[in-house]
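Dropping the structures in below, format is structure tokens.
Consider the two complexes below, in which chain A is the common component and chain B and chain C are the respective partners.
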Partner chain A sequence: MRYSDKKTIFHRLDPRTKIILSVGCACLIVIARSPAGLFLLFAALLCCFLGMRPSAATLRTTAKMMGAVFALTVISQGFFYYFEPRTPLFVLLEKGSGLPGRLTGGIALYKEGLVYGMVQSMRLFSAAVMSMIIVMSTYPSDLVLGLKRLGVPEKIAFMLTMGIRFLPAIMEESRRIMTAQKLRGLKIKGVKGNFAAFRSLIVPLITDSLRHGRRIALAAEVRGFTGTRTEIKNLKFAWLDWSALFTVITVVGVSITCRFYR
Partner chain B sequence: MNVFVISVLFVLAFGTALFFAALKRKMISALNTHDLIVIALMSSLLYAAGLPFKFGLGRLPFIHAFIYSVPFTAVLFIGIRVVPKAGAATLIIVGHSLLSQLLSRGINPLWWPYPFLAGFVLESYFLITRSYLQTRLNAVCAGCLRGLVMYLYFYLVSAPFIWHMHYAPWYVFIQTAQGVAGSGIGALIGFALSKPILQAYRHGGI
Partner chain C sequence: MIEIKDLTYTYPEAENAAVRDISLHIKKGECVLFVGPSGSGKSTVLYCLNGLIPHIFAGNVKGSVTVEGISPQGVPIAELSKTVGTVFQNHESQIFMPTVEEDVAFGCENLLMARDAIIGRRDAAIEAMGLQDVRYAGTDTLSGGMKQRLAISSIYAMGPRLFLFDEPTADLDEEGRRDLVGILKKLKAAHHTIIVAEHRYDDLLPVADRVLFFEKGRVTEGVRKAGKGSSAAGGTNRAGNGAPHIELRNISFGYNRKAPVLENISLKIEKGEMVAICGNNGSGKTTLLKVMAAILRPVSGEAVIGGITNPALDDIVGSVGFLFQNPDEQLFTGSVEEELMFGPKRLGKKIDVGRYLKMAGLDSMMRRHPQTLSRGQRQLLAVLSVLAMEPQILLLDEPTTGLDDGTWHDLFRILRELTCTGRTVVFSTHHRRARELSDRVIALDRKGVTADAVF
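Moving on to the complex of A and B:
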């Protein structure tokens, strides 16, 4: 998932607003208990996501990811459900069947667990959709700027900016190294191959990156770099940001009131 | 009080205590521009190192804890060996976590105690042993400690609170054991690989 250059309402929001929105959304994901509330939250976020007019490929990837998350959550919670009452649909391992049975206390697939998994997967979907909205509508460097304005220390913001800048170079370099290693006969398939590829990649990649880092540090220091920087981009709150903030604060406030003072 | 809230307060108190203990032992030295750039690089490398496993072996269910912890710990420990200073481990882990939130997962502060705890556990280990992975045994112990604390925290605190997902005790045990083993092996690999890297880096030019 990466930034897509479009002119939607989310692209126009200030990065700080988006960060606060995602924090509010994270709170809602944790606070919401009822299946209806969770479904409502997911439906609202899905509408926002579709409002960003994602490409067909993005929609396909999202659907596949959600399918996999749904299946894994339902199956895992079907087996791990421990609330009472619970109705076993089938027993995989009897409680008294040898040492594995005694150690695990028996493994069964529970009907209530399957339902619980279906409900809880809404939480994961909401988190995933929210992250896609943020990632697709904001440049990572703008998010760093937003974090800085919200009080994240200068050094951490500088590190994040550097990390974002380094990542494409590292990916490019790793592709180049892997091609070179494959041409030298490296096999990367299977468990052994995966680890062999890791070993052949990591030593030249890190050595080269460290040298690159040394060059950058030297260039920064000779220019009198102290860690604090000025920004070309100025962040400004518009009426859209204020209304988005008002909406999210109201929704979170109402949810907290409903949850704790009902 | 909620277990998650208690854990957040604990992480805050742990971090503060650690800071003052490091100050008392005179183990805090300022990170210069070069250190910060290397830490940023290692955070990016941690993100990049996991990608081949994410789309390869990491898709295998049940053993993903082992698969993920090997490259993660290996790269992290190389980073710590390159910048053996107080705070470097925490900054690399927190940097990686924030970077992956910025690039793919979306910003969620509820997940922030997790990387801070991972960093603080390693920092306290280095503070007690007064060694930044200088021996193989030190590296393996630090790796296993990281695996143990992080997997237990994830399965017993983070996942039940943030995702409302619960796991059977035997599954938590298996995943934690895999995480400990993977982190121990990753630590050994990181320790072994850091030697040629450090040598090439020290004796190489710019």
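Moving on to the complex of A and C:
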């Protein structure tokens, strides 16, 4: 999942607007309680996401991930729902049937649990889709610049930039280390194997990152980095941003009013 | 331009001085090479010029250094960077921004120049270094040579009059090195003063006005002939007999369907051969080695490795050893001894740790943590820890990167001993000298094998 250079309405928004939009969206996710409301939010975000014409591969992975998470959340919530009232749809294990029944207190699939699972996965998906929209439509350095203009200190913003820049390299490196381990005869199977693999992954990964970090620090020093910079890039608020902001503030405002003053 | 008088510097917590009583005078517009093995003090002198010593590395400085009348000790590094520009070896860690254009502007933005000035300098630097075509490209999509060029142009944009290069060619292929020489000529023509610290400098001699030799922190000046180095590790061994150890039949491989990296490659490598695979970055050297190591499976064709056709990784663990380019990614354990035992223990083999360590002169370091060894020692240890599994075939990806002459010599001696006992060694390289030390050279480019010569 990375930036794709297209000309959608989201690409035209100022990064600051997008950050505020995502904060607004997070508020809605927390405020909304009814399955219908959350579903509406999710559907709206999904439409925006599809409007960005993601590639078939992205769509496939997203659909697979969401399918898996949805199934898992709904089923687990369905079985392990604790709040009352709860209506069992069917009973897997009677409460009083033998030792397992007594130990578990009975296992049943609850209707309210299923609904709760759906609500939770809608929340999760809404947040995920929102962040995907931002990542796909905002150039990484613009996002950092947006954060800076919203008051995030330069040093933290710079760390973020470095994170975005070096994360793929670190992932690549861990892949190489794991191949090297396998070639040296390490079998990554079972808890013990996994633990051994993890231990021997973490040592080279950390030492190498430290060395790398040191080199980066030296290079940053000789390029005059002190923590204060002039930015040549400029951000501009256009009418589109104002209208987006107006919309999100209105929607969040209305939702809060409905939720607390009804 | 540069005046160094009786410079002695000791790193914090080090016993011996890294450089001792160095006095130098370098004129404006000169191009000077600093050569010598790792740890001989080349980089230390560069650090004294760009202010990293004493601002970042504390330690004990004696003597005086001035650059254009400024004492680097007395001004902050950022201020000094307007006069002194430094390009390091590892291009990966000198690139800060996601696109070429933004990265070139990075330094100027740090110097708090006016917006228009930054844009002007950025565009001039992009033009001067010939980066127009990749101006909007993501920095992670560039080749090694282009990354180096980007690193130089980012420094160039800051407008320094003195350029320091700390081992700039180590990670470059032949094309990249030619490119670098071209850039150095250009900088020199524009009357910039240049200092290049390097192990391998044959390519750079045409641009250099002077060569200074560093050894154990002292410097001697002279015009020593571009040495080929000792070739004690030479001497060919053609034990080639019996069935081939590696046979590739019409191998093709690509990371995605549209762009194959290897196409219809066929070759045989016999037992006991020492083979160099060479070619520029992106020619598929590493990919070819990975196919030989069963890390990658060919999309079509057959790879017969040690008698097994298209083996899985698990089938060849132990009989084929593979060394990645960066030794640090392959040292997992807490001590040198443990590192050597790591592979054999898992294969249920017993080995004589002392014998292996003696091969590389590491016998006194058995208890040391691998990550505390020097770069050259780490490289040798990584080779040894693969050797300790007693593989029949040893594959090495760019094993000579960043090694000084001494380590280089040790490495080839060990590899040669191996082939004498009937093991097969295949390595990729872009160093001419490494090729000269092998029995056979396979040249690779995007079209496939372009030459295959046996000596």
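The working rule: the second predicted complex is superposed on the first by the 232 of 262 C-alpha atoms of A that agree within 3 Å, B and C clash if a C-alpha of one lies under 4 Å from a C-alpha of the other, contacts with A are read in each partner's own complex, and residues count from 1 in each chain.
Methods note: a residue touches a chain if its C-beta (ideal position, glycine included) is under 8 Å from a C-beta of that chain, and two chains touch if they have at least 3 such contacts.
Because the structure is a prediction, the values reported are computed rather than measured.
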Touching partner for A:162 - first (chain B), second (chain C), both, neither: both
First (chain B), second (chain C), both or neither touched by A:220: both
Partner chain in contact with A:181 - chain B first, chain C second, else both or neither: second
Touched chain A residues, chain B compared with chain C: B
Partner chain in contact with A:127 - chain B first, chain C second, else both or neither: first
Which superposed partner A:112 touches (first chain B, second chain C, both, neither): neither
Which superposed partner A:79 touches (first chain B, second chain C, both, neither): first
Which of chain B and chain C A:30 touches, first, second, both or neither: first
Chain B versus chain C as contact partner of A:230, first or second or both or neither: second
Chain A positions touched by chain B in one structure and by chain C in the second: 140, 161-162, 164, 199, 203, 207, 211-212, 215-218, 220-221, 225
Residues of chain C touching chain A in the complex: 50-52, 55-56, 76-78, 81-82, 84-86, 88, 90, 92-99, 102, 105-115, 118-119, 122, 139-140, 154-155, 158, 293, 295, 313-314, 317-318, 320-322, 324, 326, 328-334, 342-343, 346-347, 371, 385-386, 389
Residues on chain B engaged by chain A in the complex (per definition of touch): 31-34, 36-41, 43-45, 47-49, 52-53, 56-57, 61, 70-71, 74-75, 78, 82, 91, 94-95, 98-99, 102-110, 161-168, 170-171, 189, 193, 196-197, 200-201, 204-206
Sites on chain A touched by chain C in the complex: 139-141, 161-162, 164-165, 168-169, 173, 176-177, 179-187, 199-201, 203-204, 207-208, 211-212, 215-226, 228-233
Chain A - residues contacting chain B, complex: 1, 19, 22-23, 26, 29-30, 72-73, 76-77, 79-82, 103-105, 107, 120, 123-124, 127, 130-135, 140, 143-144, 147, 155-156, 158-164, 166-167, 170-171, 174, 191, 194-195, 197-199, 202-203, 205-207, 209-218, 220-221, 225, 227
